[in-house]
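The next part holds the structures, each set out as structure tokens.
Below, chain A partners chain B and then partners chain C, in two separate complexes.
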Partner chain A sequence: MLKFVTLFISATILGCTYGLISLSYSLIYKSSGMMAFVNPDLMTWGAFLGFTFYTLMGLPYPIAVLLTCVVMFCMGFAIQKGVVRNLIKRNVTPMYITLTMFAMGYILQNLSQLIFGSVPRKFDSIIPGLKIQLAGIQVQPEAIICVGVSLLIMALLQFFMNKTKLGTAMRAASMDPMAAESVGVDVSLISGLSWGLSTTVIAAAGILCGPIYSVSMVLGANLGAKAFAGAVLGGYGNMIGAIIGGLAMGFIETFVSGYISSDYKSLIAYIVLILFLFVKPTGIMNERAIQDV
Partner chain B sequence: MKKNVRMVLSLLVAAVLILGLVGCGTSEPTASTASAPATESGSENALEPYVIGAYMPITGTNSTWSFILERGQDLAIEEINANGGFNGHPVEIIRYDTTSSNEEAAKIAVRLVEVDKVDACLPSPMSNEIKASANTLNNAHIPTIVVGTSATLLSDANWDYVWRTALNTDFTMSAWESAFDEMGVKTVAIINSQEDVCVAVTQAMEELCAEKGIEIVAKESIDSADTDFTAPLANIVSAKPDLVCSYALEPGNVTVQLRRLGYDGLIIQRELPAANDFEIAGDDSRGWAFPSLYVTYTDINDCDIPYMRSFLEKYQAAYGELPEYEWVYRGYDAVMALWEASKIAGSNDKEAINEALSQVVCDGLGGTIDFTKSHEGYESFGSFVYEDGKFKEFNTWLSAGGYDAYKQND
Partner chain C sequence: MSAMLELEDFRYSYGGVHAVKGISLQINEGEIVTLIGANGAGKSTTMRTICGLTEPQGVQGKIVYKGKEIQKLSGHKITAMGLSHVIEGRHIFSKLTVDENLEMGAYLRKDTKNIKADKEEMYRLFPRLLERKTSLGSNLSGGEQQMLAIARAMMNHPKMILLDEPSLGLAPIIVTEVFKAIKRLNEQEGITIFFVEQNSKIALNSAQRGYVMQTGEIVISGSCTDLSNNEAVRKAYLGE
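Up next, the complex of A and B:
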């Protein structure tokens, strides 16, 4: 029973971590129709910036989070304006823009190595000395915060995208840019903002995961593939689906590892994903956006 | 105004792209002739340089410690060039980035032989990359010194031109043979990464356990893309082993998660963990036991080995800090063993140097490098346990009853 509870808690934490990254994938897709494969490496940047502000510079954690989010928002905005927008203006097909995102990912990963170094670093605890016992196992307070923040961001994004004017403008800019512009939506600005917002979400993931898994140049890349699978499983572009998909991947991976074999956890997780998509191609939340690609 | 903003943004992105490319793994080599020896008149030495080819994962998933390996090689070359080079010839090193790819390592080896025509080679420290590339060097009769520790590295191939100045992990099992008896170990659990060196040491431990009748109650593997190890570690903890062997490439996170699940016993590592692993594990690193040729130092005054201390002084003078990981020692030892061979050979001819390598017996940072019996330069080593922020000699610690605090199953 203790093992089951341990695995359950671990799967929830891991799943919410995947979910946060999945949210950023879904947000970009929902608001600009792009597959943002650069996101995992942006998460690494978020973690390193948070580490720099909090651990190295000794700033209070909320200030470090705020600074990281501001810097990362600007970075996301700049990537959209400097790279994505320029490619769209040159009528580059979505496939090539997707490939460009991979290239940007490599560039960011190598840049992080150049600037922050290749050695994994310890991200200081947010609440030093606090030890939480849950059902007999020790849980880091950061892990509980991560779960709470994931659910909060999911709810906020779901509300924002569906119930606010800006969110509606973002969806409109993604669905039909020309029509959106004809009704006064500044598509260029809106797309930039949506990238900035997505990058802020992924930065939050990085700065929350740092104290749990420590910070390294491959932190985002290691988590990104499963998170993408989670976004697809949940219904690519759906905020609630992103968290559910992320949680599903976390649970499959953890329980396969715990009760079958750690050798087969990724194998089984991806087989489940493919089989599920055979049955329900639009994902758990029946998100039809993926069919438009 | 809007155009200006766009221009600035475009320039920023262009700068990011350029910087990124600078940082990216490249197939272009970098050459160094640190402090080449000068002639009597002080003019540049006209002699042909002795060219050493080197490659390592400078970028990619395994790139963590390559910079420190480079530093060890550079310090050795600087010292050699300041002392007359290889039989009067200045030493030059050409480096390539394998980008953590076995395929890239194989291509680089071909380039070193066919294009750069190197005189000797120092391959990647990653055993997988060595296995993918060293055959090319051996076939081209290039004296090659490897610093990977995988047990099967040299035993799987009969390479006449490949030598090792690092500790074969197979040898380290002898450290635990009598210790397990003394500790009364009946059950062991193993968690290992899937890299060649970790798999090899796992197999060696399994053989040792079989030989001694010790039951392996849990065996779990993790891969380099994992960040959460709770599930395999939960299996280990629920199996209630007497001790855990953690053969992961970066053991800091594994240890933190293992301790969090309630295991407070001894954790055997395959080698000295890096300084950042100690930083990540913090207090949880208590009870790490490992075989090693070396330890790392946080204060130069803690070192009482003259040869090592002299090296540390040079390192500190050059880089303003003490080395955080043992790869620096491996890099230095490999070049110095090659230099010793050149002195014995009296020539820089490849065949002569390779022949001379079999006669090398010299000081190394990990003790005596001795190639007279085999291609393995180091066969003896120390065992340590980390406790109270200090490295303690394992057998002394054991005799003093240190293990009592870590006993799991009375």
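Up next, the complex of A and C:
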């Protein structure tokens, strides 16, 4: 029982992190029909920036989180305006744009190594000395913050995309850019904002899980592939699906490690994904993925 | 009557292809005018360019709306000036409900309080939409989508509406209904209307004046009565 609770807690942490990454993939897919494979490395940047603001500069943690989000929002906006939009303007096919995402990912990854070094960095404890007992298990306060804030972000984002005018405009612009422009939506600006928002979400994932796992140049890359699988599992492009799929991947991985062996965690996670797609090609939330663009 | 929209020697080309080869036309306030012609004559390109939905590099000549040149403006800015566009093929937001589609039509409006009343007004004008209020755009029939596209354009309180092929893919009885709605907007709400139509018969019956376009040029223009009696028009477009 104790083992189960321990695993359950670490699965929730990992699942929430995956959930946020999956969500950021979905956001970009929803808003511009693109596969944002650059996102995991933006997550690494989020974590490093958070580390810089919090541990190196000594700012309070909430301020560090906010600052990271602001900087990363601008970075996402700049990537859309500077790179993606220019590629689209030159009629580069979507497949090549996807490859560009990988390229940018490697550039960012190597830049992060250049700037922050290749030694994994450790965040200072956020609330030193605090010990929390949960069902007989001692839990890091960082873990609780990570799960709580992740869930909050997911809920806020869900509200924003479905219930606010700007969120609805983002969805509309992705469904039909021409119609959106014709009703008065500045589609070019909205796409930039969507990228910014997506980058913010993934940077938040970085700075939230940074204090739990250590921060290195491959932090995002290690988590990104599984989170992508989570997004596919949930129904690529569907926001609720992304959260559920991400959580599911976290649970499968953690429980396989705990009860079978950590050697098989990725193996089994990906087999489950493939088998699931055989049964339900549209993912948990029934999203008619790719051909929907 | 003052000119609402003027095209002066308007040309459009993409990739070396001259889709529109220098046309001039004028639409006055309160008028309902049609542009007819065969497939590929350049009608849709003309409509989309007026509304800022094509690449501006291809444009030459002037598009003047309410005295201002708009040929370099992007689509959302033109919509903000009160010139709305009902795009060919309807372009309903497929995963938004009918109600949300109407709200998107009011995207630029600041008077949030009145939007609800305007939606009610649209449901009164198009009762079919009220029945489908919570349906997703993709689940509507072609006729319902066309009604919704027109209603969505109306939500921005436009001074002028451009419609591109409003009859496309609709059953004849629905076509009649759509054109009744268009005429009503013109007569009762005083909206200036300019529409492109392949169904020349209904176009000439609904509009006051018409332009006939052929391979990128305007070949004949005049009142719809004159056009309907013109031998060449009858032969080429009315199938007589």
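As a convention for this text, the second predicted complex is superposed on the first by the 289 of 293 C-alpha atoms of A that agree within 3 Å, B and C clash if a C-alpha of one lies under 4 Å from a C-alpha of the other, contacts with A are read in each partner's own complex, and residues count from 1 in each chain.
Just so we're on the same page, a residue touches a chain if its C-beta (ideal position, glycine included) is under 8 Å from a C-beta of that chain, and two chains touch if they have at least 3 such contacts.
This structure is a prediction, so every number in the text was calculated from the model and none was measured.
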_Between chain B and chain C, whom does A:Lys165 touch in the aligned arrangement: first, second, both, or neither?_
second
_Tell me the contact category for A:Val185 with respect to chain B and chain C: first, second, both or neither._
second
*Examine A:Met95 and indicate which partner it touches, taking first as chain B and second as chain C; both and neither are also allowed.*
neither
*State whether chain B or chain C is in contact with more residues of chain A in the superposed arrangement.*
B
_For A:Asp176 in the superposed arrangement: first (chain B), second (chain C), both or neither?_
second
*asked:* Between chain B and chain C, whom does A:Leu130 touch in the aligned arrangement: first, second, both, or neither?
replied: neither
*Figure out whether A:Phe255 sits in contact with chain B (first) or chain C (second), or with both, or with neither.*
first
*Following superposition on chain A, which residues of chain A contact chain B and also contact chain C?*
none
*Quick one: in the complex, what on chain A touches chain B?*
2-3, 6-7, 10, 13-14, 17, 78-79, 81-83, 86, 106-108, 110-111, 113-114, 118-122, 136-140, 209, 213-214, 216-219, 221-223, 225, 253-258, 262-263, 265-266
*Where on chain B does chain A make contact in their complex?*
6, 9-10, 12-14, 16-17, 19-25, 59, 61, 63-67, 220-228, 230-232, 234-235, 238, 250, 252-253, 260-262, 274, 276, 279-280, 282, 324
*chain C residues within the chain A interface of the complex*: 51-53, 74-76, 79-80, 84-85, 87, 91-96, 100, 103-105, 107-108, 152-153, 155-156
*Can you list the residues on chain A that touch chain C in the complex?*
165, 168-169, 171-172, 175-176, 178-188
